[in-house]
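Two complexes come next, and they have one chain in common, chain A, joined by chain B in the first and chain C in the second.
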Partner chain A sequence: MTETITRDVAATEPAKPRTPAGRRRFLSVPHLLLIPAILILLVGMGYPLVWQVITSMQEFGIKQQFGQPADFVGLQNYIDLATDPTMWQVVGRSLAFCFITATMTLVVGLLLAVLMTAVGRTARLTLQISLLLAWAMPVVAAMTVWIWLFDRRRGVVNYLLDMIPGVDMNRFSWLSNPLTFFIVASIIVIWMSVPFVAFSVYAGLTQVSDEVLEAAQLDGANGAKRLRYIIMPMIRPVIMIVLLLQLIWDLRVFTQITMLQDAGSKASEFDLLGTYIYKLGAGSQDFGMASAVSIFVLALTLAISWFYVRALLKEDEQS
Partner chain B sequence: MKRKYAVAAIATAAALVLAGCSATGEPADDGSADGQDITLWLMGGDTPDELRDYLKSEYADATGGTLTIEEQGWGDAVAKLTTALPDAANTPDVTEIGNTWSPTFTNAGAFTDLSDMYDELGGDKLLKSFVEVGEVDGAQYALPYYFGSRYNFYRKDIWDAAGKTVPTTLGEFGETVKSLRTDAQSGFYVGGSDWRNGISWIFANGGELAVKDGDEWVGALSSDESVAGLEQFQDLFTGASNAPVTEFDSTPWVNINNNDATGVPEAATIIAPGWAHWSIGDITPDPKDSTKTVATWNDDVFGTFVLPGVDGGVAPVFAGGSNIAVSAASKNQAGAKELMKIIFSEEYQTLLGENGLGPANLDYASSLGDDQFAKALIESAAGSKLTPAAPGWAAVEGAGILEEFFGKVSGGGDVAELAAEYDEKLNELLN
Partner chain C sequence: MTTSVTIPTGGELGATASAVPVASVRTRTRWSQRVRPRRILLTVLAFAVSLAWVFPVYWMMNSSLLSNRTLQSFIPTFLPFGGSFANYENVLEDGSFFTALGISLSVTLIAVFFCLLFAFLAAVAISRFRFKGRKAFVLAVLIVQMLPAEGLFIAQYKMVSSVGLLNSVIGVSIIYTAAVVPFTVWMLRGFVAGIPADLEEAAMVDGLSRTQAFMRITFPLLAPGLVASGVFAFLQAWNEFTVALVLLPAEQMHTLPLWLRGFIQASATRETDWGQVMAASTLVAVPVIVFFLIVQGRMTSGLVSGAVKG
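What follows is the complex of A and B.
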């Protein structure tokens, strides 16, 4: 009896409109298919993370690297870090670098995106292709050229600046002083990340409907007002996401800084978090401490992101 | 939607399967070198191609296996060695290491004990100070590969025009090169953070970087002798060098050669490792490659002299050079030891000398020749000194502490204060 009923239900089901119950059963296959991806994430990212957390609570030096057992020291590494003024200088410098650079990147990217919507086809394509080229350039190749540009002896930057009457930039050593060092680093990082911002914002801008803009124009809104009151609110989510990504990227910037250090100075005043961790771990073989700083950076990144994720969620609820 | 999932599934499956493929079986070490393919890591470009080819062909003749030589940059070699040496799948079988890193790696157990073949490889004839840094409890792990030493190159034309003669004391040297400095020309070009040259002034004044106190190594930068040396270096840098205070790894010979833009040199004097003489001279286009230039030594314009000591004689300069060792994790111990035999053979040692690299086996030092470069090399090497054999020395170098310290000294900081501060930093890493 039960069997008949079941069969009856099954037989009638295809005729029915899709019910939530039917959809849930259908979804179990995709759920299964997600398992390999989750496994890869767990193995690929979970394992290093767990290793890092464990190592950060050990005294792990070069002898441990060659097989000797590591002493468990609990939170001692973290306590040492928290009481080390060098660490806080590096954190402060990294945060300042990351906020300034990310904001500048966003401003320049935004302006370029607006420019792309405003100019004709040829100009836009030229702009887009050059942005793509900058984006596609391998970091090491680009860095080599940038270092040449700012070279003390033969850099074209010094050469051009020196031609301005009254400016003496002959042999100016950009990379010898932390302030000018980070200005150069910031310029390079901005150059490398502007294309991503410009394209993302441009994509967002194309979604702003012409009707709305036209209506605003008829109501007497000029270009600046349309940008501020119509376009910006509409592409706000894009800007928020792009800014968040930029902040995270600029906080963990490494290649650019380490290559500039090779050309300039390795002193600790020139360190950001990335190079600080590298020097601790790979340089002085204090892997325990390096792991502790890495975990700290992870927490810092989460803290910055959390603020943004919450803002994004709120925005989602409102719309 | 379904198709998207299917694509995702195939992609993840592929990723899993491909990841599983990477582990391959290695043949077990059966104690014979026959047919073993091994890898040798060389640091930087110091070993010329001629010597590399010799090693490859000799190794193939001896074992039938292939020798692969991989060149590692000096800059990040410590990091690479630290990660590769413990890993049997990725370790080089034989590796060159900076002589000053030997204590760190030998104490950590990175290398194979070579005591049983030490005598066969040269024994007492090998350069003693280099053997000592590679020893733990009387057993030899890392052996000398080659030694170099630093001496001065100067522009005879500039010195003569100013009526200067080769100085006999370190103080006289300082005064002479300071008088040769102009805005466009360093009397003595040295980077402000270039500690490998700067430590000569510490050594010459009787100071040390670190000393062993009982079982512990402690920084000795703040000893009276070291401070005197550092102050002398500070005075020299500020008075004679136009290099940036942050410069640490310079190619000073570009400064003593005529600048192709101005036609005059930017330095009257430099200090450099002996092999730099191949890069010093009159610059002419390379007949083989028009984009490059070659330097031809010109005795009328260029000269050499060793850095004089405080009271005359020879100042102790940094004993540059490398050690060489067999990785303990290597699966090809037999092949690796075979390569060591080739490296310590008379032919190879002679080749090193002929190429201006001090041979590990001093019996073959005569292969360096008897020209002025060989003489200056041997004379300066005789008084040369190594960095402390502390287990944590590689960490000190890797952390860039000495670059930072010398940069601050050259920048005009208070030497005694800085020395005390950096002794603390050294103490954290040395042991």
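What follows is the complex of A and C.
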């Protein structure tokens, strides 16, 4: 950094960022600092995004891979998608998977967080350590283990279920039927995501002031009422954020579904949005349609995450 | 206190746990002690849940130590008695693990280095300066952070292959850097904002220039933040699967997640040697678990900090 710039900063940079002096003039130093980050984002995200928007409005299939110019077709790809029953099945399945899994994760996470506050130190630490270990597992490694656990012939799950009197799960093939396939996927995703929810909600719970709770108790509020009228309202923001993040994350379960398909079946009834795009793009080389579905996924994600982004923006303004 | 460390996470385990919430938990614990039988029941439940949750991790390590013949039995072996490291030796034998490790390390280290550098500069800009376009940049960072890889990987594949960087470390590194920069900027912003500008001003009153004050006062205080953000960036890039799958199709360029997936793919055509698969999984998982445990406290608080402040 040159001497001039340094002096310039010292002269113009306000002590507290929010002071009016800071808005007085156009500063070049912060803009310079942003250049590398902006450049890498433009290259890695911006350009692909723009390409994708354009391609989603083009006829871009195998012929274009071999140099034929891509024709502009306007919204034709989107119309094709909207009238394609397969697309609607995939979208419906993805949304159902996302909502069911996220809700279950939230419920289990909440219960575990409450459980953590209700038990002694040893039990709580044990629970926290096992949750942390599950959380830390890399997705791919977690998938291999779960596929082994659900193995048709020698998996522990079938073995244990088979021991229940009257249940015959011997050689039950979980991954060859779409319903049980997605039940397995959901169990795995819930297992992976509950720790984050449980820890976040537990952190929120420990911040509920004891004085308030005690006062409520003196006023005659029983446990259920304290939970309903005091604890829940106070941890509501945490729950909202956690639920939103779960919804967004459960829409992007490409790794999990791909690996389950590796072990089971690649048929289209086992597709969610991520694998559907992958098959369209990398498989059928239909980049026009793949881009259109991708844009749909991006729009869906942004719609769900808008509230979260707004909450973070508010935090930024307060700092 | 910075905004990103306001929540004491995970009680005693959290890196940022403060004394107050822990004490408050104890008070509440004392209340419930009056109802003894219920408490015992809950404790038993807590241990049962712990066991169930940690079981897959345990099962991975247990199976990795058992011979394939033991695993072939229809009755599972729940303890690794008579186990050996033979599976590990077999997995490491053909050297493919080390190739994948090398690719993973180069991709991740390049991405983490540039990500930290770029994100640090940007974080200083948005937390120490108010300027035209600041809000637009912050908004862009937050939005880009939410974009799923599944919604962009086809376009990224097309872009990278059109410049001939398919199956190259550079291509993936560029995409990873771009993918991780937003979260890192956001995380570092909290750390930089947490160091009072007054400290720098005091140093400037004592005769240091603005840059000197920043480098000598703020930067050392920022070191823990840089380490934590670096570990996050590392974990994200290290575990990444989707982008690597499309950008590194050649087998000799596979990163560790792709290498591990290869075992499951192979299971479609022939009998799986689960002992080897679990040994491979353990090799991939253990370093990640260790790193993760170091920084997890900040992870929770960084993601939900908006909820508490808002």
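Everything below uses one rule, namely that the second predicted complex is superposed on the first by the 251 of 319 C-alpha atoms of A that agree within 3 Å, B and C clash if a C-alpha of one lies under 4 Å from a C-alpha of the other, contacts with A are read in each partner's own complex, and residues count from 1 in each chain.
By definition in this document, contacts are C-beta pairs under 8 Å (C-beta built on N, C-alpha and C of every residue); 3 or more make two chains touch, one makes a residue touch a chain.
Only a predicted model underlies this, so the values are computations on that prediction, with no experimental measurement involved.
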Inset, instruction - May I ask you to decide whether A:R252 touches chain B, chain C, both, or neither, giving the answer as first, second, both or neither? - result: second
Inset, instruction - Using the touch definition from the top, say if A:G288 reaches chain B (first), chain C (second), both or neither. - result: neither
Inset, instruction - Based on the superposed arrangement, let me know which partner A:I62 touches: chain B (first), chain C (second), both, or neither? - result: first
Legend entry - Touched chain A residues, chain B compared with chain C: C
Inset, instruction - For A:D262, decide between first (touching chain B), second (touching chain C), both and neither. - result: both
Inset, instruction - Could you tell me if A:P30 is touching chain B, chain C, both of them or neither one (first, second, both, neither)? - result: both
Inset, instruction - Report for A:R152: first if it touches chain B alone, second if chain C alone, otherwise both or neither. - result: first
Inset, instruction - Using the touch definition from the top, say if A:G109 reaches chain B (first), chain C (second), both or neither. - result: neither
Inset, instruction - Applying the touch criterion given at the start, work out whether A:I40 contacts chain B, chain C, both or neither, answering first, second, both or neither. - result: both
Inset, instruction - Could you give the residue numbers on chain A that contact chain B in one complex and chain C in the other? - result: 29-30, 33, 36-37, 40, 262, 278, 280, 282
Legend entry - Complex contacts: residues of chain B adjacent to chain A: 5, 8-9, 12-13, 15-16, 75-76, 78-79, 82-83, 85-86, 104-105, 107-110, 193, 242, 244-248, 328, 392, 394-396, 398-400, 403-404, 407-408, 429
Legend entry - Contact set on chain A toward chain C in their complex: 1, 6, 9-10, 13-18, 22-23, 26-27, 29-31, 33-34, 36-38, 40-41, 43-45, 47-49, 51-52, 55, 112, 115-121, 123-149, 151, 153-154, 156, 159, 191, 194-196, 199-200, 202-204, 206-207, 209-210, 213, 237-238, 240-242, 245, 248, 251-252, 254-255, 258-259, 262-263, 273-274, 277-278, 280-282, 287, 290-291, 294-295, 297-298, 301-302, 305, 308-309, 311-316, 318-319
Legend entry - Residue ranges of chain A in contact with chain B within the complex: 29-30, 33, 36-37, 39-40, 62-63, 65-68, 152, 171, 173, 175-176, 262, 264-268, 278-280, 282-286
